[in-house]
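Read through the structure below, which is laid out as structure tokens, and then see the notes.
Note that the chains are named A, B and C in the order they appear, and that numbering of residues resets to 1 at the start of each chain.
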């Protein structure tokens, strides 16, 4: 049964190979292959989730070599949540692309990205995590570069440089850990690290790993690659990268801080938490304020990712049960909401040519369903209940209050208000604005048609966005059971 | 501290190489940046492999003579990392080439201007 | 020369070449110095008793990376400046402080070579003691790579594979595909793309460089290439017993094809390379690793659990097959890198080349 775990990684990779071969032979069945593979992963991740909920943590020794001599794959409720979200969101983004034409090779890279994220979610070995970060990263850089125009390539290049530097810093940190413990398996290292907490080598390890992950989450001040990368990439790529790659990085931070270094180390070295919470607060404030000033909707969404993950890292750095639960729920919920928002923006751009806040004016009349879905997603992101965004933030704030971290709670309140401000501003344009004179959109739909009616919006795109909107609310309703599902693991982490 | 460093001088060299790599990463020419990225990474590799060294050790190949062997695990990790590095380099060079095709330059400042015009 | 003197010289050369790369302004010169750096680094790896890493570094760092860098430079501008060397002092200062900070953490690490260090206990001793017997393979690095930590290696092949495909996706935008620009190859996935150059002469008498291939080069290459290819295969096949393995062997085999391309013409070599064969080895390598892994699962074991296969010395064969699979994919993808970046977009004979000097600020 635990074989299913490794299949989460192997199935998308196998499909990627098949798609690539097809691509070399001039076939165009990439979408079908990818959809088939991701449907299978949805099934796999659900099966693994149910096993974990019944029996608790699963461990899988790849190759039959007992860890720590072999590589261990691990699934507990945290990893399972990430996997289920990854499978569903990536499938959704894929369905969104039904009517777009991409080469087989594009789908190969897409599948590799998803395989990488799964790998990150289930690995129990620090070096394997590095390899999968590179798989995910490489695929992400390529997907960003496949956007239109030179700006996308430049954004991809910057992302590549910063991402690789981050991965190398992560590796450097792992090196320190390996040198002082002689181990690479997460649990193994944790067992051997005791008593060395004060050593400069261990602190250096923690700092380098945190810096490396901070680049990928991203965290202020190394977040600068994100707005360009996420806004210039094709919509499905933005959706998946902004939702899943970021979530995987935050998940990795949680794993490394609490399962490898453990809460004892964090308590003994307050420096780490201080650094994290400061950078995270910076992310929140900067992300929110800059998002508010954006004209381009996609850039607004990109900066919103920065601030949302600032919140997630705040929860991580507070390191009590409530806050950490909030972080996990938020990173999962954000995946659904942000993916939905990017996809909606993509649909709006391709059907109506509207990419800036001004151009969204009057969209409410021309595209009632799409606008409604966008509204639901946006309000969920702000944190209006019963959207899932509310629960994540609520737990984080609650945790901050419990830990008496008042400045942090204030920062969260302020940012929520500001986020409410700019999203409501956008919604007001959509519903109460007068449509501007139609601009021929050369880049998006390849023609010069004026804004069309909603009936022209591709059904698949509409359906996926609707499902995302429903999901954002639905997840809110199941937040409490999910929190209960996560509780044993999170309790274990912070005690 | 200088005394302890005499038994760790290869680590110091590794740190110097890492620093040089980082320095080159801030060059304005995109291709030089990639060279810098490679140097930066090799510094970290040197860090790992040096750690696996053992005084009087031999390469970890059983048929080539007896122990004591140096630790084989860092070699494995760095082999993987080198290959990953070249893969990323190849993709990055493809991007640089495309940028040149589109904007006619591989200097960072000129590119930024060209894109924001 | 005593061992210590040799070591210090090499390390000094390492720092020197790295520093030179940093201060030389001309990109091509810096790249050449980088190749020297990489070669010195290979020597350092040998000094540190890491022959596998040395092989890989030489083949990949000084080999593949340099070729790709030079190819990219050849196709993009080469800003030359009046000053040959330059230093950006502010950056240097900041990075210097950072470096000093890291150096302060070094004393808390065990001394280099200390046999009581944690790295030589636990995993270190386990692999050294158990691997040869348990896997039947004497190169312990190969044993770990292809057996104990095979999942990492699997991930690595996937990275290589993904990079090749990814490069094609990235370059698609400018109409670059892997298909040679003239000749009788069937249409690619994108019938709408224009070939970027036309070569009216096309065939064997002229290369795409627009001139006759030199007799010296072609004769020399004709004699050298078989040995290089054989050496590559040897490294790949023999990696279980001696230093080497799939990666290094794959790169060297690819290098032999690259050598042919440089001597006889890139486009003609590309046309000579059978598409089906290239696809087969590239995808086949990764697919073989997946198949071996899944096969073990079908037989009731775990992914890549060789011992489940009902053949004698299953682990040894498993390791060797996986290494070959890796070698195949690496060969294919390095050739993909090469032909995608170096081939295509060649200037047709008669036009001026795209290099031009620029004023750098």
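Worth a mention:
One rule holds in what follows: contacts are C-beta pairs under 8 Å (C-beta built on N, C-alpha and C of every residue); 3 or more make two chains touch, one makes a residue touch a chain.
Quantities reported herein were computed from a predicted structural model and do not represent experimental measurements.
Counting C-beta pairs in contact across B-C and across A-C gives the higher total for B-C.
Averaging Cα atoms per chain gives one point for each, and the point farthest from that of chain A is the centre of C.
We define each chain's centre as the mean of its Cα atoms; on that basis chain A and chain B are separated by 28 Å.
Note on chain placement: the centre of chain B and the centre of chain C lie 14 Å apart, centres being C-alpha means. The centroid of the Cα atoms in chain A and the matching centroid in chain C are 32 Å apart. Residue positions 102, 104, 107, 109, 117, 119-120, 123-124, 127, 149, 152, 155-156, 159, 162-163, 166-167, 170, 173 of chain C each touch two or more of the other chains.
Touching two or more other chains at once are residues 127, 131, 134, 138, 141-142, 145, 153, 156, 178-179, 184 of chain A. Shared contact sites, meaning residues of chain B that touch two or more other chains, fall at 18, 51, 73-74, 77, 80, 84, 87-88, 91, 95-96, 98, 102. Remark: chain A residues 127, 130-131, 134, 137-138, 141-142, 145, 149-151, 153-154, 156-157, 160-161, 164-165, 168, 171-172, 175, 178-179, 184 touch chain B in the complex.
Every residue of chain B that touches chain A in the complex is listed here, in rising order: 18, 25, 30, 33, 37, 40-41, 44, 47-48, 51, 73-74, 77, 80-81, 84, 87-88, 91-92, 95-96, 98-99, 102-103, 111, 114-115.
Residue ranges of chain A in contact with chain C, taken from their complex: 3, 6, 10, 13-14, 16-17, 20-21, 23-28, 60-65, 68-71, 103-106, 108-109, 112, 115, 119, 125, 127-128, 131-132, 134-135, 138-139, 141-142, 145-146, 153, 156, 176, 178-184, 192, 199-201, 203-204. Interface residues of chain B facing chain C in the complex, by the touch rule stated above, are 1, 4-5, 7-13, 15-24, 26, 28-29, 31-32, 34-36, 38-39, 42, 45-46, 49-64, 67-80, 82-91, 93-98, 100-102, 104-107, 109. Contact residues on chain C toward chain B in their complex (touch as defined above): 11, 14-15, 18-19, 21-22, 27, 30-31, 34, 37-38, 41, 44-45, 48-53, 56-57, 60-61, 64-65, 68-69, 71-73, 75-77, 79, 88, 91-92, 95-96, 98-99, 102-104, 106-107, 109, 111-115, 117, 119-120, 123-124, 127-128, 131-132, 138-141, 144-145, 149, 152-153, 155-156, 159-160, 162-164, 166-167, 170-171, 173-174, 241-243, 245, 247, 330, 333, 337, 340-341, 345, 358, 360-361.
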